[in-house]
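In what comes next, chain A is part of two complexes: it sits with chain B in the first one and with chain C in the second one.
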Partner chain A sequence: MTSSLSGSRAYPVTVGVAAVIVLGFLGVFFAWPVVAILGLGLGGGVGDVLADPATWRLVAFTLGQAAASTVVALLAGLPLAYVLARVAMPGKTLLRAMITVPFVLPTIVVGMAFRALLGAEDGNVGAIVLANAFFNVAVVARTVGGLWSHLDRRTEDAARSLGASRMRAFTSVTLPALRPALGAAVAVVFLFCSTSFGIVLVLGGGRYRTLETEIYLRTVRMLDLSGAAALSLLQLAAVVVALVIAAVARRRGERTLRLRQATDTARVPQGGEWGVVVAAGAVLCGLLVPIVALVVRSVSGDDGWTWAGYRALTGTGAGALEVSGVEAALNSLRTAVDATWMSLLLGLLASAVLVSLRRRGSAETMDAALMLPLGVSAVTLGFGYLITLDTLPGQLRTSPLLVPFAQALIATPLIVRMVLPVVRSIDDGLRGAAALLGAGPLRVRWEVDIALSARTVLAAAGFGFVVALGEFGATSFLARPDTITLPVAVARLLARPGELNTQLAYAVCALLMVVTALVVLIVERLRVPTAGEF
Partner chain B sequence: MHRFLHRTRIAGLLAVAVLAAGCSFVGARDDGGDTVTLVTHDSFAVDEGVLAAFERRSGLDVEIRRAGDAGALANELVLTKDAPIGDVAFGVDSTFASRTLNQGVFTPYRPRNSGEIPQRYSVDPKHRLTAVDVGNVCVNIDKRWFAEHDVPEPTSLRDLTEPRYRGLFVVPSPVTSSPGLAFLLDTVTAFGEHGWRDYWRGLVANDVRVSAGWQEAYKQDFSGSGGHGDRPIVLSYASSPTAETRPDGTSRTRALLETCYRQVEYAGVLSGARHPEAARRVVDFLLSRRFQEQVPQHMYVYPAVRDVPVPESWSRVAPPPRDPAELDARRVERERQRWVRQWRDLVQG
Partner chain C sequence: MGLEIRDLSVRFGSVPAVSGVNLSVAAGEVVALLGPSGCGKSTMLRAVAGLEPPTAGGVLWNGADLGGVAVHRRGFGMVFQDGQLFPHRDVAGNVAFGPRMRGASKARRRERVGEVLELVGLAGYERRRTTELSGGEAQRVALARALAADPRVLLLDEPLAALDRALREQLAVVLAELLGGAAATALVVTHDHDEAFTLADRVAVMSRGRILQVDAPSRLWKHPADEEVAAFLGCSTVLSARIGDGLARCALGEVAVPSEAAGAGLLGLRATGLRAVRFGGVEEEPEVVGVVRERVHRHDHVRVAVTVPQAPELGRVEATARVDDAPEYEEKVRLWLNPDGVAVIG
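Up next is the complex of A and B:
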């Protein structure tokens, strides 16, 4: 149904070229390095690791904490998604910016904030779950809210007028329609949580371990490559299983929907809907607590309040960094701009290929392949780059471009996840009508697919930008000292003694939040004028 | 639809403008000249003027590449030894030196003034690694806390298992932290292969807190830095008190000099370096007086070259320990993994 009118019949070459670009990028910057580093470790020792019961406890804990975190993120994110999509109120732009901020915060800082707030100094699983959810609420709210705002409200209203309760109308009309977005959000959040590194390390106190932290320790600290390879294979297997489950859920959920302009579907809440709004408010307050805590930390000194950290932003923290805080902010923006256009290009090409593939199986395989980078340890990829990319021309192994490449690997699947459900739910009748009116296949794509999904594409680009801004694992591994980004600067500053370095670290963190909020606000501004699109 | 297309065009133009305005790394390129790449760890820091002066004098362009902490650095060097990621490396410490030497990461080079480096720091008779600086991992205390609570300050490792210091000590884990690993080696040296586990049992019974990283222990749980934490005893460095000095020149904290473990950091020319001559000049630079003199302020460690003066405040608040513990590098390489595993079973089992 989604591919009855596809470009592949008319323009197999175009689709083929797009597929080659996407898969080529994935092959060179993901598959090759990962296979190379795993290959170094395979052979001796892998069997021993797999036979060790401790390994399986590790797998169970990894999946368990990821599942729990996903559930919490989903429960917290849905009320926010509802408010963003359905409630007509002023200041929604600001709300969207605010809930996005947690997503970019450096994990070491959030970990330390939760550690202090929850008294989790000796390692605490509950704190790990809450902190993971804290990061991912934005993913749920934005992914689900995006589709929700386009759902035709009249279907629900019809159910209500036929006597269905509000809950019944939600579970039997709205929820099924949201399923593609829910499936996408769950898959992404689960992958993020199962590869969560800094949070597990800080809040686990070194006591609680996941596959991700263990792969890091074995690779970076022990150079036990065979142990790391065995664990990486397990991690990959777990990710593939999760993706298959997500794909099955999606397959049953995706269908043609009547998409509406978002402003048509928002209104003032009525009756019980206020309960959801209150829940959303409570979630928002929960998100704000750690943020306020770290802002307070940035201005508190030994003897009361101080602006010393902010004044030091123009400096390099007594030589701790090669660049100033301000330059790190510019680096962050430049890197994120590159990562965004790369991932947008790849994401749109991939989406075009995915809707055009006639065989469901090949579409799903390619879809899953695109998602894999979310489930592979940044350190596996980083060490993979070290041993492979020197054979490519142009000193790529030490190029500043490597950082946006790695960030694009992570942002691209998120963009696909956001764009694809919308593109797939476009009524094929529209495409047919356009073709009937004489539009060529490309023109059909442009006038129908792109036009209808423009809001989502823009939102996805903004989210890709935010992902790149906040990315830490691969960036800290690959960034050169003169091109470090804000999150990396925070981590470097926190690694040195002295009160001023601490204050500066938290001030840099505040700067990162401001930059993120500004970017989201600008993207939102760009979105508004597309109101005439339907 | 036309309004939409119009907007799209504007967005497109905006995107081109953003890229053209230099908000991108596409098109950014290295400047030419003789570049030499120094691979080092995240804690490396150097006075900008000193580095610039060296670059001017030598005509070399020093590119710095960081590779995580000292352990990560050593392992990256081993992994890339057939196609090195630079010409010269600095920051491999005594804990990981043996691994890099066994794997043939470095090639021999004896700098001009290597005679001025105390013999006790040398790790390789073939001169593949040269000592550049010396750090000491020591237990630190918050002096004010002990004065306010009228508790005598501890002095030795053994003191930390006494009931009166119960619940006061926080230490980073040897599994996840470099100073944490040094402290484990410290206890092995102090109490021997048979005694160290009993000592740790005593620490656990005395409610020691183990954090994943040094950051949480020192910046959050320790009461002496910023005054926010609740534990007045922490594992850090002999030099940490210099970062906690007050306007009157005294420090709020003190390192217990009987609890220290020495970590020497080395530099060496990488085998297969593309610019071996330039790499040797960088090693000379690291041992030059100008570099050695700024090592304390920038990296919180002591110069390795004999008779290089340290800042006046250092001799006052952070004197070096007279006789720190140290284990033979080869023994560390052989036993490290087993000790860490035993520690894990014991403390976090």
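Up next is the complex of A and C:
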């Protein structure tokens, strides 16, 4: 049954304006740069690049390392998903936060952590795969665990009572039911791994390159714009394929499952289930190791323990930066705050439009359009800005808001994914009840929609903040030497020789990690349990 | 004067939910909309509230068309089947919502909350969280919330359906007293006869989007308009009879009926309309004999289905027996009609 309250019929003008703002922003700051890349790539170079065997070695390595990373992330993520979904235990909020932290850590920090742990001066493929997996374990655990916690446990019980062993019940009942979430997780993780930039840049050591790092190097070092554009085209094609697969998997997931309250399905593990819990514990320890390694490395120099890195924050390293570490930190904060309010505004407007759209088709199309920036790699985006920048009016071209624009574009899809399910889950009857008690349409939005999703919106803001804070791919193209952010500073420090530069880089990473972890902890406390996809 | 529903129709796409319904509720009157689930009664209530746009016809209050009046300006209160209490507000916050929307002062709101909570028997519940309430308490808060806004008409959508039976019966009485005491104008949707008859001055029986009959409970019970209404009100057997002089004669015997009509007619028989008593075969053969084919225990009687050898065309007929004198399966029983369970159709 539909009601005239929640829908666009009530306020078509407001919804229309919101849609225009969101789509306008997407058009100028996303579609245009991407189209510019298309033009540049197709204009010349594509043929040469495609004919070059080096390109295909690059593609093969990109896909190969992504596939390996996905397998590792899947194997490590499943026991955690099981524990999150099916094990009744105290401290789950903390556990969920611990699992989530790696995902929101800046990629450059993850790369540095594994560099501290495994060393990568000459490139280290194993470290690349592990670092990518480390980053994406959270995606598997949360996506799969989210669905798992809502599966009706009695279906398994029925299979057991019909004579299936615990393992058999898992493979014949639970696993097929989880397939949509598994499919979506695999697609997303594969996507993230094949567009992973910061990790490969830090751990590839110049020897191992992916499409992402190659686009960056060709643009920044070789100034081969058309070659970079051709590679971006390849990248875009791969991304679209992965997104389509993920969308199909997600739609299938919405169809036939019997879902239950998460609290009904968790219990104390029995028998062989303890094995899985132990495996999950091992994975959790594995997640902690690089983090500890990073912290330890940040306080150890050639001659034992040292605070040199932290002390150097007030300086510019060994002259590698144009600004001091503290100034870079302030830049980071400023841009992240700007990006947060922008993405929050965009995300809320987009959610309002999506909720109001009646026709399933148009809602899905808009939803997909909003997700695209998440899929298109940050490097592509930054590169796109770079080549469209010249046509922008003078003030905007040099505006310090350009970096937050790019970061907001990347954070917005995540905010929509968090807020939208909560708003959609609000019973329309509540809006009806409020209206019957005398609340006008706008008052209903305020008293019901906003009031009920306030915590989630706050949590989404926190999430957007850490994503913007750690954003590296696009920012590395757009930040000017005097406005660099912390992640970009790390990359610059690393590119220069000198013990102090390295020490400062590790100290900056440790700081970023602490800030990120704190924000994630707050976000987890604020979140409405189990709603939202990330 | 009061509420008037005129030729109201609601369609969902090509599916008609409510088709050309006419119904009026006088000021101070309680009318129940009774019907099986899916008959369109809830949709009609939502249309009256303004939550569902009608495809044709309309709703009038004291003669004025409410077509262009938005939900929040109608001044109608509604109690939903599942309460729809605001989960982020406590009991007082829920109850004070209506007065707050009308700009009542804080002191006035507090006073009003106290009054209506007292009225529904939940005095002192102000600071409780809505999630901590039992089902019965939640529904009473929902009622208090609707009452606190001083609605011109109270719309109740299956207000007691989510509760278990004992609580439902108890709350129905509380609700009836409340509605009567406040001289409220109310439209109650329900699928439960007892609830409708307890609460309402008049009952409208609805089926497939149309109203079949509107009458006072006692008249509806004794004179269902047609066989469909009779069946919905529990008449499991319909048989033809000759009616005259306050008596009806049929294949199962003679019974007093409150009908002045004379001639051929139809009787609707509920299980309570036919008594089955064992006679053991020693006495002389009674007038009407049945053979027990099924029997089940109900809470205060035994329900049997009998076949009647001298009227095989009736098939199986439902009857009741006393628990301490329940006939066995296949046993012959004496049957007689009980006027309380007999209705004259038409």
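In this text, the second predicted complex is superposed on the first by the 277 of 534 C-alpha atoms of A that agree within 3 Å, B and C clash if a C-alpha of one lies under 4 Å from a C-alpha of the other, contacts with A are read in each partner's own complex, and residues count from 1 in each chain.
As a convention for this text, a contact is a pair of C-beta atoms (placed from the backbone, for glycine too) under 8 Å apart; a residue touches a chain by one contact, two chains touch by 3 or more.
None of these values were measured; they are calculated from a predicted model.
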| item | value |
| --- | --- |
| Partner chain(s) touched by A:Val13 [first = chain B, second = chain C, both, neither] | neither |
| First, second, both or neither for A:Leu437, with chain B first and chain C second | second |
| Partner chain in contact with A:Val268 - chain B first, chain C second, else both or neither | neither |
| Which of chain B and chain C A:Gly204 touches, first, second, both or neither | first |
| First, second, both or neither for A:Met167, with chain B first and chain C second | neither |
| First, second, both or neither for A:Glu322, with chain B first and chain C second | first |
| Touched partner set for A:Ala451, first chain B, second chain C, both or neither | both |
| Partner chain in contact with A:Arg480 - chain B first, chain C second, else both or neither | first |
| Chain C-contacting residues of chain A that also contact chain B | 447, 451 |
| Complex contacts: residues of chain A adjacent to chain B | 108, 111-112, 115-116, 121-122, 201-202, 204-207, 213, 217, 219-224, 300-302, 318-320, 322, 333-335, 337-338, 341, 383, 386-387, 390, 395, 397-398, 400-401, 403-404, 447, 451, 454, 458, 476-477, 480-481, 483, 492, 494-499, 501-502, 526, 529-530, 532-533 |
| Residues of chain B defined as touching chain A within the complex | 1, 3-4, 7-8, 11, 15, 18-19, 22-26, 28, 30, 37, 42-43, 45-48, 63-66, 68, 71-72, 75-76, 78-80, 83, 85, 99, 173, 175-176, 209-216, 218-221, 225-228, 236-237, 240, 243-244, 297-298, 300, 337, 348 |
| Residues of chain A that touch chain C when the two form their complex | 1, 3-5, 427, 429-430, 432-441, 443-444, 447-448, 451-452 |
| Chain A-touching residues of chain C, taken from the complex the two chains share | 12, 43, 46, 49-53, 70-78, 80, 82, 84, 86-88, 97-98, 101-102, 145-146, 149 |
